[in-house]
Each structure stands twice: as structure tokens, then as C-alpha cells.
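Both complexes below contain chain A, partnered by chain B and then by chain C.
Let's look at the complex of A and B:
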């Protein structure tokens, strides 16, 4: 386990793979596996952090979402609401893998936690797994963050396989300007609609949208800045350490961890593919064709997945810019994965 | 006839790769715009000579803003 912990830290430093998370996670893994250090024994330091902020009350992931909301510009989604569908399609991998995991013998709660990796959204994975299958927390979270870091390696081959050269060359219209009224109205309306439909998504969606309201309303810049910087940084420190600390060797070094990594990868590939395929399907009906590459950005790794869409498009045509268009499904993916998590909780707990 | 190279999206000018008077060819990278923490090369749409550079590094640009004029 020391080796795995140090490997994660090395990857973070050398390759810049999600360093903000992998550094504290790697360190947490290391320190928890030192005999007699006992930091995860009831009443000890990391146990207290973990027990009260994740295990018992599950408050850290929603806190992260305040920061994400404050950092996210939903403008590209508002300008092109069709892309909401692409963000939703990319959740298909989540459900596919849910059923796949069931077939492999995981129980309902475990299968949901593994499937959600396909959304490529770290905080949501933590939120769901800690409620449904907390013994898998370490494995699902490390898998989710690893695949987020590997988006630029995993996605392009799938994107090239499922699209033609002509499709990758499709140029999209520039996004229209979005008014302030729309930007302020969006978090309010989205909260109302999603929380009425899927009440269990309220902790994540509610916090995401309040963060976004801070950002867009223009009168609480102090709160918006704090949410984007200090708040999310502090929460990330505790979150990373706690997640690392959930991985003592006897829990992590099991064959099921390998299954989880494998299934997570499958989920992620299916999510990418389903976004691409829905975009192609939509093109059968649309007059202004969309570049199917932006469908792959429906996985919620923001903004990496959108950047990958841009990079792949630019390989075919140096003058094609779809980055902002790809941000639409990308931010929709965040909403989609959080909603999918809420649905799982509704189905499996209530 | 002069050709305008415009910003395809809002962002920040990360690097200007050409000087006034430079001969440039189609698809040559002229300028890097940073958007969503990604540096995107803006390439020339035709052959020509750089007549005017309207932005400098660290400038904030809007979509469709003119960056470089080729003459």
C-alpha cells in the first residue's frame, strides 16, 4: 500500500494527474498503512474527520459542489439547450455498468457505486458510495479520479472510432450571447425542476446551484470568490486525506478492487460512446448539424472532456473551434451525474 | 486586400508568435488564446504579410475581436 500511495503522489507530481486530489489521497493511504499509527481508530484524528464529514453526514461532497457551481459558467448550456440531452446520454454508461456489475455478483448498492464512476465526477462518486457501499469508497474514488485524469488518453480513440472524418470537421455556429437574466434564472429554475423531480439529488444539485447563483448574481462576489478558492481548497484537503485513509491494505488489496477499476473503465467508455452516438442521431434531424465530438464531452470531467473534443477536432481542421460548444454537454454532464446519483439513492434507499 | 484574423472564442492572449512584417502562410500558427485553461492556436486563414497586431499578451479578448490584420 505504501507503494500505491507513493505511486499516486509521484503521478500527481510528475504527470500532474489531478494533483489537488491525488497528493492528499496518496498521503492518506501511506499514513493509514503504517502499523500502530492508528489514525483511523475510533476517536483518532482521521477517523474523526472521516466519520463526521463523510461517513455519517456526507457533507464534504456537497460543499465541493458549492465551489464547482461558483466556478461553472452554464452559459454554453443555456445558449444551446439541446446539449442537455448529450449530457444526459453520457449517463447511459452509468446504468450499463450498474447492470454489468450486478451480473458480476456485486449487490445493488455496490453496483450503483461502481456505475457512477462512468459519470467521471469525483464528488458525486464519493457522495453516492459513502451512502450505499462505504467499504468500496477508496476503490471507486481512486478509479473515478484516475479516469478523470486519463480523459485525454481514454477518449480520443473512442471518438475517432465512432465518428467519420467529415463529422469531426463539422463547424458549429458561434454560441449566442446569454443575458444576465438567463444566467441568474438558470440556477433557480434548475433547482426547482430537478429537486422536485428527484428530491434525493437536492444536496448536490442545491449546493451546485447556490454556488452558481453566487457567481452569476453579481452582488456577492466575496462569497463567490470564497467558494471558488478557500472553501473548495479546505474541503479538498480533508476530502483527499479521508479518502486515502479509507484504504488500509486489507480492504484495498482484494481482487474486487481490480474488478472495480475494470468496470469503471467500461462505464467511462460507454458514457463517452453514448454521448457521441446520440449526437450523431440528433444530426439526422437537425438543420444546424452538431459536431458529434461534443457528445463525448457529456462525461462531467470539466473542462478536460471539452478540451479533448477541441483537440480532436483541431487535428482534422485547424480552424475549427468547438471548445465553447463542448462546454454545454460538459456542464450538463455534471448535472446529469448528480441527478443519476439522486435517482440511485431514491431507488435503493427510500 | 487585408484579411482579419479574429478570436474564435472569449479568452486571454497567451502568446503572440509573429511580428509586424512577417510573411505567414496558410495554417501557420499566429497566436495562442487561452480559454478553459487550454491554449488554443489560432492559425492563419491565408498567405500574407502581417500588417497589424491588435492585441498583446495577457489581453482579454471577446469572441470575434480582431487579433491580427494580414495585408
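Let's look at the complex of A and C:
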């Protein structure tokens, strides 16, 4: 486990793979596996952090969502709302992997926690897994963050395989300007609709949208800056350490962990492919064609997945800029994954 | 032993639920954008008038 912990820290430092999370996770993993360190014994430091902020009350992931909301511009999504469908399609990978996990012998709760890795959203994975299968928390979270960091390696081959050169060259219309009224109204509208339909998604969607309201309303700049910086940074430290601390060798070093990593990769590939294929399908009916590459950005991983779509598009046509268009499905993916987590909780916790 | 009936229910209701939620949200955004742009035009006309 020391080797795995040090490997994560090395990857974070040398390769810049999700360093904000992999450094504290790797360190937590290291320190918890020092004999007699006892940090996860009841009443001790990391146990207290973990027990009260994740295991018992599950408050850290929603707090992270306040920061994500404050950093997210939903403008591209409001300007082109049909990209919400691409965010929804990308959730297909989550549900396919749910089935794959059942076939490999996991139970319903564990399968849901593994499937959600395909949403490529770390805080949502933590939120769901801690409620449904907390014994898998370490493995699912490390898988989710590892694959999020590997988006530039995993997605391009799938993108090239499922699209033609001509499709990758499609230029999209410039997005219209979105008014301030629309940007302020969006978080209120999204909260009302999603929380009414899926009340269990409220902790994530509600916090995501309140963070976004801070950003867009323009009168609480201090709150917005705090959410984007101090709040998310402090929460990230505790979140990373706690997750690392859930991985003592006897829990992590099992064949089950390898299955989770494999299924996580499958989930990611399915999510990418389903977004791409829906974009191609939509093109059969649309007058203004969309570049199918933006469908791959329907996995959350904001903004990495959108950047990958841009990079792949520019390899075919150096003057084809689809980054802003790809941000639409990208942020829609965040909403979709949080909604999927809420639905899993609704259906599996009775 | 996996309860496949429940598994299929989770799949169809879950995935269907996500799609339905986002389709409804999409429709509401389109309606809201139209109302918002209508309001702005009315405001501009008042200012010009």
C-alpha cells in the first residue's frame, strides 16, 4: 500500500494527474498503512473526519459542489439546451456498467457505486458510494479520479473510432450571447425542476446551483470567491485524506479492486461512446449539424472532456473551435450524473 | 443472489428518469429563454419610447 500511495503522489506531482486530490489521497493511503499509527481507530483524527463528514452525514461532496457551481459557467448550456440530451446519453455508460458489475458478482448497491464511475464525477461517486457501499469507497474514488485524469488518453481513440474525418471537421455555429436574467434564472429553474422530480439529488444539485447563483447574481462576490477558493480547497484536503484513509491494505488489496478498476474503465468508455453516438443520431434530424465530438464531453470531467473534444477537432481542422459548444454537454453531464446518483439512492435505499 | 427484476427496474426507471429530467429541464430552459428575451425587448422598447 505504501508503494501505491507513493505512486499516486508521484503521478500527481510528475504527470499532474488530478494533483489536488491524488496528493492527499496518496498521503492518506500511506499514513493509514503505517503499523500502529491508529489514525482510523474510533475517536482518532482521521476517523473523526471520515465518520462525521462522509460516513455519517455525507456533507463533504455537497460542499465541493458549492465550489464547482461557483466555478461553472452554464452559459453554453443555456445557449444550446439540446446539449442536455448529450449529457443524459452519457449516463448510459453508468447503467450498462451497473449491469456488468452485477454479472461479475457484485450486489445491487455495489453495482450502482461502481457504475457511477462512468459519470466521471468524483464528488458524486463519493456521495453515492458512501451511502450504498462504503467498503468500496477507496477503490471507486481512486478509479474515478484516475480515469478523470486519463481522459486525454482514454477518449481520443474512441472518438476516432466512432466518427468519420468529415464528422470531426463539422464547424458549429457560434453560440448566442446569454443574458444575465437567463444566467440568474437557470440555477433557480434547475433546482426547482430536478429537486421536485428527484428529491434525493437535492444535496448535490441544490449545492451546485446555490454556488452558481452566488457566481451569477453579482451581489455576493465574497461568497462566490470563498466558494471557488477557500471552501473548495479546505474541503478537498479533508476529502482526499479521508478517502486515502479508507484504504488499509486488507480492504484495498483484493481481486475485487481490480474488477472495480476494470469496470470503471468500461463505464467510462461506454459513456464516451453513447454521447458520441447520440450526437451522430441527432445530426440525422438537425438542420445545423453538431460536431459529434462534443457528445464525448457528456461525461462530466469538467473541463477536461471539453478540451479533449477541442483537441481532437483541431487535429482535423486547425481553425475549428468547438470548446464552448463542448462545454454545454460537459456541464450537462455533471447535472446528469448527480441526478443518476439521486435516482440510485431513491431506488436502492428503502 | 441478484434480484434481476429489481436490477431491470433500476436500469429502466433510473436511466429513463435521468433522460426525462433533463428533457424537462431542456424544455423549461427554452421557454424561460424566450420569456427572458421577450422581457428584455419590452424593456428596450420602453427605453427607446
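Convention: the second predicted complex is superposed on the first by the 350 of 350 C-alpha atoms of A that agree within 3 Å, B and C clash if a C-alpha of one lies under 4 Å from a C-alpha of the other, contacts with A are read in each partner's own complex, and residues count from 1 in each chain.
In this section, a contact is a pair of C-beta atoms (placed from the backbone, for glycine too) under 8 Å apart; a residue touches a chain by one contact, two chains touch by 3 or more.
This one's a predicted model, so the numbers in the text were calculated from it and none came from an experiment.
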A:194 touches, of chain B and chain C: first, second, both or neither? second
Contacts of A:174 with chain B and chain C, given as first, second, both or neither: first
Chain B versus chain C as contact partner of A:324, first or second or both or neither: first
Which of chain B and chain C A:81 touches, first, second, both or neither: second
Comparison of chain B and chain C by chain A residues contacted: C
Chain B and chain C footprints on chain A, overlapping residues: none
Complex contact set, residues of chain B against chain A: 8-10, 27, 35-38, 40-41, 43, 45, 63-64
Chain A residues within the chain B interface of the complex: 174, 303, 306-307, 310, 314, 318-319, 321, 323-324, 327
Interfacial residue positions of chain C with respect to chain A in the complex: 2-4, 6-7, 9-11, 13-15, 17-26, 28-30, 32-33, 36-37, 39-40
In the complex with chain C, residue positions of chain A that touch it: 77-78, 81-82, 84-85, 87-88, 91-92, 95, 98-99, 102, 107-108, 111-112, 179, 181-182, 185-186, 189-190, 193-194, 197-198, 332, 335-336, 339-340, 343-344, 347-348
